[in-house]
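Residue numbering begins at 1 within each chain, and the chains themselves are lettered A, B, C and D in the order written.
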Amino acid sequence: MKFNQFRYIIDESVGMLRRRMAANLIAVVIMGLSLLILAAFLLVTLNISGVIEKTSKETRVFIYLEDGTGEEVSREIYSRGMGIEEVEEVVFISRDEALANFRQALGEESDLLDALEGNPLPDAYRLKLKPGYIRSKVMERIAAQAAEWPGVEEVRYGRKWFERGEKLVRGFYIVDLALGLIVFLSVIFVISNTVRLTILNRRRAIDIMKLVGATNAYIQVPFIIEGALQGMVSSLLAGVLLFTLFQVAGRYIPGLVFIRTDAVSGFVVFCAALGALGSFSAMRRHLKL
Amino acid sequence: MTPDKRIIAAVYHLSKDLGKHFKLQDINLQIANGEFVFLVGPSGAGKSTLLRMMYMDDYPASGQVVVGKFVSTRMRRKTIPNLRRKIGIIFQDFRLLEDRTVFENIALAMKVTGTGMGEIKRQMTEILTRVGLYHKRYDYPPALSGGEQQRVAIARAIANRPAVLLADEPTGNLDPAATKNILELLFKINAGGTAVLMATHDIDLVKSFGQRIIYLEEGRIVRDKEMIYVGDIRDRIDQSKVSRRAEMLSDHEITDGGKE
Amino acid sequence: MTPDKRIIAAVYHLSKDLGKHFKLQDINLQIANGEFVFLVGPSGAGKSTLLRMMYMDDYPASGQVVVGKFVSTRMRRKTIPNLRRKIGIIFQDFRLLEDRTVFENIALAMKVTGTGMGEIKRQMTEILTRVGLYHKRYDYPPALSGGEQQRVAIARAIANRPAVLLADEPTGNLDPAATKNILELLFKINAGGTAVLMATHDIDLVKSFGQRIIYLEEGRIVRDKEMIYVGDIRDRIDQSKVSRRAEMLSDHEITDGGKE
Amino acid sequence: MKFNQFRYIIDESVGMLRRRMAANLIAVVIMGLSLLILAAFLLVTLNISGVIEKTSKETRVFIYLEDGTGEEVSREIYSRGMGIEEVEEVVFISRDEALANFRQALGEESDLLDALEGNPLPDAYRLKLKPGYIRSKVMERIAAQAAEWPGVEEVRYGRKWFERGEKLVRGFYIVDLALGLIVFLSVIFVISNTVRLTILNRRRAIDIMKLVGATNAYIQVPFIIEGALQGMVSSLLAGVLLFTLFQVAGRYIPGLVFIRTDAVSGFVVFCAALGALGSFSAMRRHLKL
């Protein structure tokens, strides 16, 4: 008897999926497109924040030494730099190295430097901060601190650019959070309403099944399976579409990063659970089982 | 009373308001194991509503419904399917699933009780032949005539050989010959031990069979008359032609103790 | 024949296969203006299907249906609403809109003919009183008993005082008293000039009225018997009790020329 | 009679909207979110392409003169420059001006220039091209041509940056077109399927109405009105949501541009038409009226 019950619940699910092919297709496409948007959004976030993070990670604090600073003072500055808690690495950059770098950075305009008499650049230490400490507050503090050290002429870290970048990242995350929340809620909403429409459509049939003695499981399980399958297929659809878009976009915008494979499978499982849960809660609310 | 005259279904002091213009008032009735009872009354008397309370699609505002071991006042939602699998219901408006064939509609009622597919197939031929629809078993309800749909509903209700059969106007769409067939079928099922409560407005039809008749009017039982049993249930004879309502109530009070 | 005996609805040599097990075969019938005709036959005989062809929800495979000036073989889809507004239909399964009140259901049929709301309200009281549902006018169909729903369907069909009324089993869910009421109502409407074709399986019911009866069995007309008119249509008397089918056919051939 | 018919079609529409409030809300929200995505997409496109276009519009061709080039040769170069068809404007930039600009551009690093002995920069002419001709092909041709003129030392136009930007714009437009098409089709699909679900849901009611003699107009008009209203309300919803998002985003990303007011009202009208058309075609297909 238990086995039969189980078999018929499976039968019922298969039958329901077959009978409701068209409705399922519609639901899957609607949900797939919603998820596509969510996923596309995640992908864009991932890429933009990746670029910004990478840029800000490359931010360094430069300590320029006074002309003619002795070896001892220089070493003192090095060890003071290493002594700061947030500093990961201190690298010495000689004035010659600096000029070479500058020449490279100027590119086409570098012949301008040919007009220089000697090297006007000072020796410098480049401080790399530990990840997580690359914030303007920390940099400002370190800069103020290091400026007081003997033998230090000036401390720079591209304050204006860095602060602007930081503000952008913060803004981006906030917009991100807001948009993400809206899209996420929309997807949940679309899924649960698709299920709701389905259940309203099947209301008469469900009532009849209840009247002939079908248990809640017998009625619910097919819907839950349907919801889970819809969620799964939708997310796969979204994934495939997104990957196609990604390939197209990648041809024009180099260096794009796709969502990691384990995140993709997590997304699929998540969507399946979402679909099942949507079905379940819609039934709780609308069927009073 | 014979010792096997156990009460299989009963209603005690049931009252319920429905809308502004109608209420069921202090309904009391008892149906014994294997009994055949007609529930007769004009349109809008409350027959369908009363049956609905007996399969617990609706609950009394006060009073109690007892079917088998299921008691409306002590019932949990979850156990309703167990009740419905023990009884058969013929709905006045058939309630067939339009996207399933005749076969699937009937099989559904058997599946939910855990009957195996082999068993279902074995029994189906007999059931469908009984209601004269074997050749229509793969048709969908919208392609059936009114009378054919009604017979599918009947077949579904009797498929599980229920202990109690609640039949709401099961011959409303049938011609006299088919009506006779179906009634004979119901009597046969009754003879097999199933208690039958059949609601109908056709007083002329039911009078001729001499079964017990409960008269419902404007939500009240105005008469509950047990007549001489005929046919297969001839062995159970009750001579009293007066209303057995009072007697049945006291009867119950003895076996069950005071209720409410 | 009296000069006003014009044919208002007719079926000529209609044939149609429905599924594997049933076909309508060479159906011929004519209904005169103001006539009252019963269409009798067992369950599955094809009564509903024949009526469906007359309101052109389905078309004959061969043959012709003529209702008023509408001819099935010369009909454009777009003109079907015009036909349906001229006739009243009582469906076997009622076909009420579940999300509209009794009032709105009946008003809908009047609105589509262009009746003003003032007019609808004026007539509604009378119509609803006639079928005994005035107090239920703001109820929704799912809260009505089977018989009440049937009476709403009847009220909707007669609301426009149609030239032809097609009634499919209009008393299947009614008790004898209500059945009598409704039949009287149909006779009264008929006396007002509406031709009525009423399908029913209840041969005993219709025999007593002495109207013309068409017998349908397994998709064929087996008898078309005109009996003595009674009641309000007593003035139109036809003495012949033999089958008038042949006579009517030749009759038609004279007035209408060969068809098809 | 004609007037009554008309009135009842209106009645019917109002009644239908009232009765189907819940279903309408669902449809409107689903469509609104789809449209939001379309509109958000348009907005992002507008802003990014705006920035890129603006940047590329600022691209100029610089003609550097040989040291000590005389007034006459210089004027000759000017008139040759003006003689090129695609050139809109030729501006003389003296070496002093150039140095001042360079100092400004270097910002914090400008003290580097203090080490300069004299001014190593040459005089130059800045060529501004006519809009529409700012393409790398044109620039390359002009550069090659001008390099041959007497008195010209070098011609530069930031080739690498410009070409990259141009490629980015092209890529952006293609991705744009692909994405836009997909989103647009999705929106159409969602709308027509929402209508289709509605009609499937109402099938029984529609059949009954036909059986009591309702004309096609009587049945269709309420659906078409419903569709148009859904489209309109959805697009308004999308507009309001987008504007809110825009306000939030604008607080963090300065210089954002919103869609023009007349485009917004066009969008609303377009969506209303889309809804009406969706209803109409869904009915054509599914009702066989």
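Note that in this section a contact is a pair of C-beta atoms (placed from the backbone, for glycine too) under 8 Å apart; a residue touches a chain by one contact, two chains touch by 3 or more.
Just so you know, these numbers come straight off a predicted model, no measurement behind them.
> How many hops, at fewest, get you from subunit B to subunit D via touching chains?
The fewest touching-chain steps linking subunit B to subunit D number 2.
> Identify the chains in contact with subunit A as well as subunit B, in label order.
Under the touch definition, subunit A and subunit B have no mutual neighbours whatsoever.
> Taking the mean of the C-alpha atoms as each chain's centre, how many Å separate subunit B from subunit C?
That pair's centroid distance is 33 Å.
> Report the inter-chain centroid distance for subunit A and subunit C in whole angstrom, where each centroid is the mean of the CA atoms.
70
> So what's the Cα centroid distance for subunit C and subunit D, whole Å?
64
> Using the average of all C-alpha atoms in each chain as its centre, how far is it in Å between subunit A and subunit D?
25
> Where in subunit A do residues touch two or more other chains at once?
Correct list: empty.
> Hunt down the residues of subunit C that sit against at least two other chains at once, touch-wise.
Not one residue in subunit C touches at least two other chains.
> Take each protein chain as a node, join two nodes whenever their chains touch, and name the resulting shape: line, ring, star, complete or other.
Drawn as a graph, the chains make one closed cycle, so a ring.
> Which pairs of chains touch each other?
A-B, A-D, B-C, C-D
> Mind pulling up the subunit D residues that touch subunit A in the complex?
23, 26, 29-30, 33-34, 37, 102, 107-108, 112, 114-118, 120-121, 156, 158, 160, 167-168, 170-172, 174-175, 178-179, 182, 186, 189-190, 193, 196-197, 200-201, 241, 245, 248-249, 251-253
> Which residues of subunit C touch subunit B once you look at their complex with the stated criterion?
Touch residues, subunit C against subunit B: 18-19, 21, 41-44, 47-49, 92-93, 135-136, 139, 143, 145-148, 151, 169, 172-178, 201-204.
> List the residues on subunit B that touch subunit A in their complex, please.
My answer: residues 55, 57, 77-78, 80-85, 89, 91, 95-97, 99, 108-109, 111-116, 156.
> Help me check something: in the complex, which residues belonging to subunit A touch subunit B?
Against subunit B, the touching part of subunit A is residues 1-2, 4-5, 8, 11-12, 19, 205, 207-216, 218, 289.
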